[in-house]
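Two complexes, one shared chain (subunit A), two partners (subunit B, subunit C).
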Partner chain A sequence: MKVSLRRHGNILILSPDGRIDHAHADAFKAALDNHLGECKSGDTRIILDFADVSYMSSVGLRMLMLAARQVKAQGGRIVIAALQPLVDEVFKISRFNLVYQVFHSVDAALAELGSSI
Partner chain B sequence: MPIARSLVRLSQLWIMGRGRPAAAAILVVFSILQLSPPWLSVFEPVRLALYDEYQKVFPRLRETGPATVVAIDEDSLKELGAWPWPRDRLAALVKAIASRHPAAIGLDIYMPEPDPTSPEALAASLPENAAGLKQSLAALPAHDAILAEMLRDVPYVVLGAAGVDNQTFNTRDGLRIIAQYQFSGGNSGNARNALRKFPYVLASLPELQAAAAGQALLSNDLEKGVVRRAPLLFAVNDALVPALAMEMLRIGYGEKSIGVDMDSAGISALTVGKLHIPTQPNGEIWIHFSGHNDSRSVSAKDVLNGNAADDMLAGKLVLVGLTGIGMMDYKTTARGDFVPGIDIQAQLLESLFDQHFLQRPRWVVQAELAMLTIGGLILIWVIPGVRPRTATLLAAFLCSLLFGAGFALFYFAHVLFDAVTPFAGFGTVFVSLISSVFVKTDRDRRAAENALHKEREAAAKVAGELEAARRIQLGSLPRARQLFANERRFDIDGFLEPAREVGGDLYDFFMLDEQRLFFIIGDVSGKGLPAALFMAVAKALAKSQALRESGNVGAVLRATEVELSRENPEMLFVTVVAGILDVNSGIVELSNAGHDAPWHITRDGHARHLEIAGGPPLCVLDGYRYENTRIRLEPGDALCLITDGVTEAMNETGEFYGSERLKAVLAAPSSGMEALIAAVRGDVRRFVGNTEASDDITLLALRWSGPEDAVSVR
Partner chain C sequence: MKIRFWGTRGSLPVSLSASQVRDKLIAAFTAAIGRQLDSAEKIAAYVDNELGFEIAGTYGGHSPCVQIEAGGAEHIVCDMGSGARPFGQSMLARFGPDMPQTYHVFMSHLHWDHIMGFPFFTPAYIPGNRIVIYGCHAELEEAFRRQQAEPSFPVDFSQLNATIEFVYLEPGRSYDIAGVRVTPKLQRHTGDSYGYRFEELAGTGKIAVYSTDSEHALDDNVERESFIEFFRAADVVIFDAMYSLIDAFSIKADWGHSSNIYGVELCQMAGVKCFCMFHHEPAYDDATIASVLAETRRFEEITRTGEPLEVIAAYDGLELVL
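Up next is the complex of A and B:
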């Protein structure tokens, strides 16, 4: 799995590409783990840009849960944006919108995070 | 078993370094064998056989033919009488030969005792009354005197004698030495030590010795009945005695002395007249035999009759010897010819005169050693890295090079090259290397088989354990038929099929009290044993919390979540839908923790998703307060709870089974919940075909029959 990365000031945007299932979960986790450390209070905030994620299984949900737990413990902030319909449905069913703040687009997420410095 | 253990250790040594160290050790042993003296070498017989083979392929070609044999053959004996001849006849033969002016005459005839046919001997044997005859006989000259006179008249006759190791009645411990010696590089003492020594000789009468121009030994030590080498010089006690051929050449050249060159090893060469003859340290030369040839021989009868061709004798080195008394003095040459001893003397003379001798110079030993070492190292270097076919070709190439060199050296330089020891060395090194590869391969194969066996054993063990885990997991699920055998108020059934041996799905149902039925379905994130264990814990906790909490189903989920999160090192989570049905009223309380929404199926065949309250999966948000949704079922209404293994079951083209197909099956009429589940199960199975299941499939179906009009079993 390819995970591209760009920065807007102290906002880090991670954009995974493809399916987050059993086969690709480890690559997704590795990419996440590289940056979760810097996502703490007063430091980098992370936007997970899911525009190119076509499918996510419960394994992906678990990765997201672990990330959320770590960031919460560090006092940082991580949000998710631009869910495709299938992933959005997974989010709705599993009520992960209670775990992650979900934005319809990256821009919307940027606006929210930028304004809340 | 110390023997078995040392064998194992030996084979480890052998295959170490792909067999190279062992092969190198073998090479060293063969180098030592190559350098060891012939009598120590186990290869000597084969080596000699090879030298013989050289001669068979390339016999010596006769060039000048300097020697002639005057053969006392069958014809001569037939015409002139049986052997031994009276010595006056020998004198006549010498005279007849001398009349043709040969270069020298050599007699291969031993005369240690007086001639018994001599007149004075006959006289002595006559009775006393034959005095007249005695007197007449006594007046005749003695035969030995006649021969001695002839030897004085023909001053180029060499008498032969035989060296013997044991004393007999007619042996002497010395003989008159005529040849003189000029030593270089040593003295006569050094020479004696190097030469073949005899304590006794079978020599001619002193009278004859005194008359002869030369005296020589004719002995030859046979090697297993074969003549290969001939000594050119002997030691008889303190004296040096030339071989017949040397003495004849000395006299032929009109020389007084023979030159003896010595070095640290012994004799290096002999010189006579123009001839310089390199020898082995013990004064021997290897004879290069020619093929059988009658042309160098002339019958004694013809010589005596004056019928011999002049060119057979004039200027020749003439050997006189017996060929006609059976095969007494016959010998086998290195070429395998069975010839009279006198013929070997003639061949020796030819070899010496034509300067055509075989040699084993010291450099050839070094060349053999170099060949062995270089070839051996090439084999050791190359063989472990190439295929057996290439290895065999290389070994064959080296061996043919070896024997090719042997024959080439023999043909062009008359050098005896020992190809046998390097050949045996190459062979042993080759076999050692190849077999160590085989041993290694065999050992690896065994190890691989062993590993495979262990792997299978381990797999079988795990499979056995997993199978047990599967039985325990599936056995922990409730069986509605037994639990609610006579239940009329509701109909419930569950089904769970793990994708692997064990799964992470769960379902459960039980009565909380007389009228409340608790049911739950769940799906643990993850797969395999960790998920299965988490599933078991979640199921057990949910049951204990449900039985304890008298309140609503949301509270049960919350309490379960708290307990489950307390010990969750793997950070797994589980999605569930749980509910409590009041079997009298049809009221159901439902709560959803991140799970697929339950289906509501009306009695008239409408299926729809139920949107109910709840929250994220258990163990995602600590201490989350789950809400309930309360609905009322009409009699005949049913609920169906599934895990995503149903809707996400995939067929061969990667298509999901999906909600629509499920909905159609749910909406179809069914006799009961067991049948409904079977219908869904069958439909999913048909859809999936042969595609391997990737997720557990779990179904829980519940139908409320209506208000109490039947008797509860409890």
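Up next is the complex of A and C:
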């Protein structure tokens, strides 16, 4: 799995590509873990751009749960943007839309987090 | 092979309250407005075909007890929750007290909701019946005797007139019993629990897996692979789907139960034919279980990569023909 990143000021956009399932979850976790530490109060905010994520299994959802928990403890902010329709449905069925604020696009997430492209 | 569900609720038996019955009646009568339901036949057809199961029926409230019919004369049953009482009554109604029967009981574990029905299992009181209780816990016999000791119950275990035996099984080893090959598997639960894979030795060779009170560590690849093998090509997997995925990850982590979502994923990977949601949360009413069932079916549909996996929710009284 490829996870690209780009920054807009103090907002980090992580863009994984492909399926986040038991076969690829470790690569996603490694990319996420590299940046969770800086996602704290007054520091970097993270947007997870899921535009190119075609599938999210429970293993991937568990990682998102752990990430949300860590960021919350640090006083940071992490959001999700641009879910594909079926992944969006998985989020709703698994109630992860209650854990993460989900935006329809990266631009919408950037606007909310106080920056712009 | 036929599976009969006598108890499907987890942790604690429940029953419908008066207000829940009233809500069902109001929903049924409201939906009937404008229909010409002027005969018993029309009313029956309306109830059976028009109303959802969550209104016309109920998922029931007995704690786990599941009978497996594999074609033999001797009976196979998993767990002795409160569903053991109606199971025992049905056996008496069918065979009467004068026709001795043999029961093979496979215990997932010894928590109260899985043993509480045994003191009310009438065949245990009838001379000539033989009851063989299998399990992997060293405390198997002690748990059954203790719940009938004073001051917990008025009839001591020693007063039961059936011949009762306890047989200890080794996880991972297969045993041929009453027409099936049964293999226990260690599961993650407080005090341990064991799932059972039943493979029909004759006939069509159907496979049923009973896997309740089992939490899954999603980051443990070895454990996941072991469950995929345990479930492999089963005709039905009766699965502990007590919690939502989010609860299983968060406030109810380490409570020893699993979710509908992970159950579907495991069954998809194992090439299972039917995923049966079991051990329903006692706080869920019929509408909630029906809603979770609909969501689970949709989840299976949108994540499907191979053959369709049938998704059902067990209810007290369900007969499943494999």
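Quick note on the criterion: the second predicted complex is superposed on the first by the 114 of 117 C-alpha atoms of A that agree within 3 Å, B and C clash if a C-alpha of one lies under 4 Å from a C-alpha of the other, contacts with A are read in each partner's own complex, and residues count from 1 in each chain.
Basically, a residue touches a chain if its C-beta (ideal position, glycine included) is under 8 Å from a C-beta of that chain, and two chains touch if they have at least 3 such contacts.
Please read all numbers here as calculations on a predicted model, not as lab measurements.
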| item | value |
| --- | --- |
| Fit or clash between subunit C and subunit B when superposed on subunit A | clash |
| Subunit B versus subunit C as contact partner of A:R62, first or second or both or neither | both |
| First, second, both or neither for A:F96, with subunit B first and subunit C second | both |
| Touched partner set for A:R6, first subunit B, second subunit C, both or neither | neither |
| Partner chain in contact with A:H104 - subunit B first, subunit C second, else both or neither | neither |
| On subunit A, the residue positions that both subunit B and subunit C contact, one per complex | 22, 58-59, 61-62, 65, 93-96, 98-99 |
| Subunit C-touching residues of subunit A, taken from the complex the two chains share | 22, 55, 57-59, 61-62, 65, 86, 89-90, 93-96, 98-99 |
| Residues of subunit B that touch subunit A when the two form their complex | 523, 525-527, 571-573, 575, 592-597, 614-617, 620-621, 624, 644 |
| Parts of subunit A lying in touch with subunit B, wherever the complex brings them together | 22, 58-59, 61-62, 65-66, 69, 93-96, 98-99 |
| Complex interface listing, subunit C residues touching subunit A | 218-219, 221, 224, 244-246, 249-250, 259, 261-262, 265, 295-296, 298-299, 302-303 |
